[in-house]
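Presented sequentially are two complexes of subunit A, the first with subunit B as partner and the second with subunit C.
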Partner chain A sequence: MTESGFTVDVDQNEYLPEGGREVSAIVTVASAADAAGLASPGPAGAEPDGSAEIIIIDCSGSMEYPRTKIAAARAATAAAVDVVRDGVLFSVIAGTNLAFSVFPADGSMARADASSRAAAKQAVAGLRAGGGTAIGQWLDLARQTFARYPARLRHAILLTDGKNQHESSEQLAATVSQCEGFFSCDCRGIGTDWEVKELRTISTALLGSVDIVPDPSGLAADFEAMMANAMGKQVADVVLQVWTPQHATVKFVKQVAPTVDDLTDRRTPSGPQAGDYPTGAWGPGESRDYHVGVEVTPAGLGDVMLAARVKLLAKSASGTDVLGQGLVRATWTDDEALSTKINPGVAHYTGQAELAAAIQEGLEARKAGDEETATAKLGRAVALAHQSGNEDTAKLLAKVVDVVDVETGRVRLKKQVEDADEMALDTRSTKTVRARK
Partner chain B sequence: MTANPGAEVTCPSCGAPTAVSDSFCEACGTELAPPMVSTAPPGYRAECPVCSVDPEAPPSAITAEGYCESCGRKVPSGRDHSELDLGLLAGVTDRGLRHTRNEDAMALATADAPGGPVAIAVVCDGVSTSPRPDDASLAAAQASVRALLTSARRGDDPAEASLAAVQVARQALIGIGSPGEAPSATYISAVVGSDAVTVCWLGDSRAYWLSTGPDTARLSTDDSLAEEMVARGAMSEAEALASPQAHVITRWLGADLADPEPHVVRFEPPGPGVVLVCSDGLWNYQPGAPGLAQLVLPAALTDPLGAAAELVKFALGAGGMDNITVVLAPFPLAPFPEEPPHPKTVPVQRQETLPRRTPP
Partner chain C sequence: MAICPKGHDSANDDFCDTCGLRIAGRPSPGSTEGTGSVASGGYADSGSPSGRPAPGPPPVMGTPSAATGAAGAGEPCPRCGTPRVGQFCETCGYKFGADQPPWPPAPPALAPSPDLSPPSTPWPPPSSQPSPSSQPPWTLAPSAPSAQSGLSTRSAPSVPSVPSVPIAQPVSPRPPLAPSSPAPAVWTAVVSADRQYYESVQAVGGPDMAAVSFPGYYAERQFRLAGGQMRIGRRSVSRGIEPEIDLTGPPADPGISRLHAVLIATPDGNWAVLDPGSANGTLVNGSEIPTDVQVPLQDGDRINLGGWTAITVHRG
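Moving on to the complex of A and B:
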């Protein structure tokens, strides 16, 4: 590990045939396992901890059907509150077609200690369901609440059981873009009446996770885990800065492990030949892989070019720290044995990205009644999951299709599919397995 | 032993008389017959070969890793290709066609020693998997050649001087690493005197005696797994060369090998020939002494620089998979020139010197 506690490694085949333009590399970013080794850039400031947490609970009328949902939400929120570290600012928001501050009731944030946690749990125990669903309103209140306090790390947990019905999708999108880069948000859907695509849009923009909690009894453990994960984050606002040579284009930048997340369109220009891609906050012992694709102007045989320089930067109010960097190279050769060699990491993650897309497109087609496309796409997904050893995804697929031949991906759509199984497959389609090195 | 060795030499800079054992002129301080190292020549400034000739392009910076900040091209470094000519011996080192930098280094020196002229060559090949192998090889070669030159001028025993120089080289190489790092390199030195050649090595850079007669021979044995297999009769030389372990070395210069125990060999040439010191970038393509002799003789006897350049070209034409370094010293040594040779380095941009490989 370097002084910053981060390492950046590049895995690629740098050899291109004469005239070749496409350069592809897997960039692995890892943080030190030991929390003390991680750099926390900038001065600690006035905040003793610097973290702020908001839990947003859906209290729409449907949360009463079945009753266990609102009860589970109350219990899960209490479990999460228990994990909030002493000194961290926190609050709880209830959402309907409007949004309310539940604790503290005046819309402020409380500093966590034994008495504030007890008061929060008491307030949460009194939550009742009733009203509609306007997720944008909830996020907006969270944004305003966060904005009242300086903090280094802002994170929210959002729980819903339904679709965004009481505001337009444009309203929601506008609020999400206001929140982007300001706080991160993990989203959970309880039951099966919510929309995967809607929550995924929010969680992707806000650099968080999305998952289904089909059974209310599983919610408390999930909330606790999410909050514990958030408490472990130490370095906020980490970006990948990608420099490319003149006349070169970045074709894509994707996170490919632990989940697929396309960052290509989220580039912020940061210099004449550089752009920043957000990666969110990092805790100790994390490792994520990124697939970077660059198109360069070919040079002569034997020439070597720096096709991209990937810098890992931590941005804070006090400035920018370089945490590490990796170099992506291109070398032109007439040796076909070198230029035709496919890098195993690149091949693996290209397959994992295709797997995620095949599942999402297959489920979309299935919903639209296009059985032929659904069968083809989900079949392809079965074959890809099998080839890459992605067993979790293979198991989820087997609940939606009957597998005839796993090698070629010949499948039949199941006649009866549980909604929860289909939604679990959809939400978890982006989970990848690591490339073997 | 000459009766009055000091009287014949004068300082090339101020004309004051100097002793042959002097490293510097007592009058003006000029270094006498300084050693030459395959580093970037003084004043060499790396610039992008593409952007620097484009009148439209703004002046571009070169990154710490040696790339153009504008177009991204790897910029030729002063070490990619350099040629050293000291008259009594000459050498050429080249990056080759597959590596992005030249991790080989060579250092040459000549001395008008008490026992007659002496030619000294040191070649180091940085171990690619160690940190900063290019700096490591250069530091080792540079330190070693100075130690050998000083010993030669004093008239020390070449075998003892060679062993001492290995320690000097090892300290210099360790000195460039930060704590926790262990830069490493192969090492070979050859001290050519009037009656014998003393070779000292660690690793798989080699020395050969090349002549037209049956005395043509390899002077060093590799510290490599391949050589051990061949020595034990487990493999033929061809099989060993083809095996993936061929280049796994068993001894080297580095902080991670505490007591490296270098080999020393003294060889008395029976007649005229040439001493070749080289890195594996050459001998991979022609390991046999008779084959190498055919390639360089008789040209090397009279034009060591031209012959060394030819050998490098041969290795490039054969694939250039590794960095290539070739040093040639014709034997018997020519008389030491009246004026110390004017050292010459030739940094050449690759584009002009490298043959383009034709597809097979």
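Moving on to the complex of A and C:
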């Protein structure tokens, strides 16, 4: 481990044929296994400008139908509050077609300790459902609340049970882009009446996860896990800075493990020929893979060129720390044995990205009634999941299609598919398996 | 601060900050297999020392680089000036690194006169106009006939070396040329794309005007005027026309004839231009010159020909 606690490894076939332009590499970024190994000062929350947490609960009228939903939401919030470490700032927001601060009621944030946690749980116990759904309003209030305090790590948990009916998608998109880069947000949908795409646009922009909680009884455990994960974060605002030489272009930067997430459009220029891609906050023991594609201007046979210099940077108020660096090379050769090999990691992750896309496109086609496309796409997904050993995804697919032949991907759409199963496949379609080294 | 094979300054000493090429002397990557994990947690880059010879100075335009390995991506093509993208020029197909001069062999600059392959069109036309002196422009009248050895084999009457041979008067009245100084004057011609001229040509119109468009990119080219004459035109293998100033391009100016005009060295050390009968005519400083008449040139004169080409002569 380097002294920053991070490592950056590059896996690629660097050999190109004469005139070759496309360079592909898998960049694995890993953090030290224990908190002490990470360079930044101790777990966030130990000092005054550490962490801030907000829990956002949907209190629209539908949360009472059935009443188990609002009851589960109350219990889960209480469970999450108990996980918040002493010293961390926190608050709870309730959302309907408006948003209001539940605890502290005046819109401030409380510093977690035994008494503030107890007061929060009491306030949450009094939550009642009633009203509409305008998620942008909730996010906006969270943003304003966060903005009142300095903090290194800002994170929110958002729970909804329905579609965003009381504001337009443009309004929601505008609010989300205001929040981008300011705080991260994990989204959960309870029941099956919410829109996966809606929550996914929020979670991808705000660098969080999205998932379905079909059964209210599972909510508390999920909230606890999310909060514990947030508590474990230490290094905030980590970016991948990708530098390319003159006359070269970055074709794409995608996170491919643990989930597929295309970062290409979220590039912020940061110097000559360089751009930053956000990766959010990191805790100990994390490992993420990125697939980087660069198109270069070919040099001559025998030349070695740096196609991309990938630096891991931590941006903070006090400056930018370089946590690690990886070099993506290009070497031009006339040895076909070298230049025609496909790097297994690149091949694997290309397949995983295709798998995620095939699932999402297949489900969309199915919803639109286009059975032919749906069968073709989901069949391709079954084949890819099998080839890559992605058993979790294969199991989810088996709930939506009947598999005739797993090798060729021949499937039949099931006549009856539970909404919960379809939504579970949709939200978890982006989960990938690691490339076997 | 390191310097990369192409001459860029680079803060990083492993690979160039500008073009990405590996910097000479740095170790090459350790793994020779096609797929290999190259772990690099920090800035250290270990490996075996580079076996390639250190590249020389950055490639100069017009100089064929002997080693194909010392690739200069972005260096201008010696033929057409397009920035280099790979082994072959994207525009004219010139192969970089091959041992070939930018153009088919040009006559040696210091020869008394080029050995002309007989052109199919008789040149110069056997008219009353005396043929130009074919001695090197920088010498005055040679004192002995022996200085004329190795001169042109053209059938023109052997011209007396005295520079008193009259040259036909140009159409536009011009101030008499000052006698050339004893020191040799070096004349250069700069070929460029002339927007104003192009617009004036477009304004006049004509049957083929639609086919002529102003080039998006034109790298100015310089020619040193030497020998007794410099033909201006576009190369034609079938007709045996190989002009010294070859405007074949790309970008090609379709209004230029194969043998469009000739720059002729006058005995007093200056140069003149003559149009032997081109399809679209030749202008000097905006006025069209008559066919077969030598028009003396002065420093800074501009010759326009074709759809948009300008040749400016400089005496330096």
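The rule we apply is simple: the second predicted complex is superposed on the first by the 429 of 437 C-alpha atoms of A that agree within 3 Å, B and C clash if a C-alpha of one lies under 4 Å from a C-alpha of the other, contacts with A are read in each partner's own complex, and residues count from 1 in each chain.
Criterion: a contact is a pair of C-beta atoms (placed from the backbone, for glycine too) under 8 Å apart; a residue touches a chain by one contact, two chains touch by 3 or more.
This is a predicted model, so every value here is computed, not measured.
Steric overlap between subunit B and subunit C is present once the structures are superposed on subunit A. In the overlay built on the shared chain, the residue A:Leu301 is in contact with subunit B and with subunit C. When the two structures are aligned on the shared chain, A:Ser177 is found in touch with neither subunit B nor subunit C.
Once the two complexes are laid over each other on the shared chain, residue contacts for A:Gly326 go to subunit C alone; subunit B is not touched.
Shared-chain residue A:Asp9: touches subunit C; no touch with subunit B.
When the two complexes are overlaid on their common chain A, residue A:Gly19 makes contact with subunit C while staying clear of subunit B.
In the superposition on chain A, A:Asp334 contacts subunit B only, with no contact to subunit C. Of the two partner chains placed around the shared chain by superposition, subunit B and subunit C are both touched by A:Ala248. Applying the stated contact rule after C-alpha superposition, one finds that A:Ser318 touches neither subunit B nor subunit C. Of the two partners, subunit B and subunit C, it is C that touches more residues of subunit A. Common to the subunit B-facing and subunit C-facing surfaces of subunit A are residues 244-248, 296, 299-307, 309, 327, 329, 331. Partner subunit C is touched in their complex by these residues of subunit A: 1-2, 6-15, 18-19, 244-248, 296-307, 309, 324-327, 329, 331, 337-339, 341, 343-344, 437. Residues 63, 65, 67-68, 70-74, 97-98, 100, 350-351, 354, 356-357, 359 of subunit B are the ones touching subunit A in the complex.
If you check the complex, the residues on subunit C that touch subunit A are 12, 14-16, 18-22, 28-29, 34-43, 45, 52, 68-71, 73-74, 85-87, 97.
Note for the complex: subunit A touches subunit B at residues 244-248, 273, 296, 299-307, 309, 327, 329, 331, 333-334.
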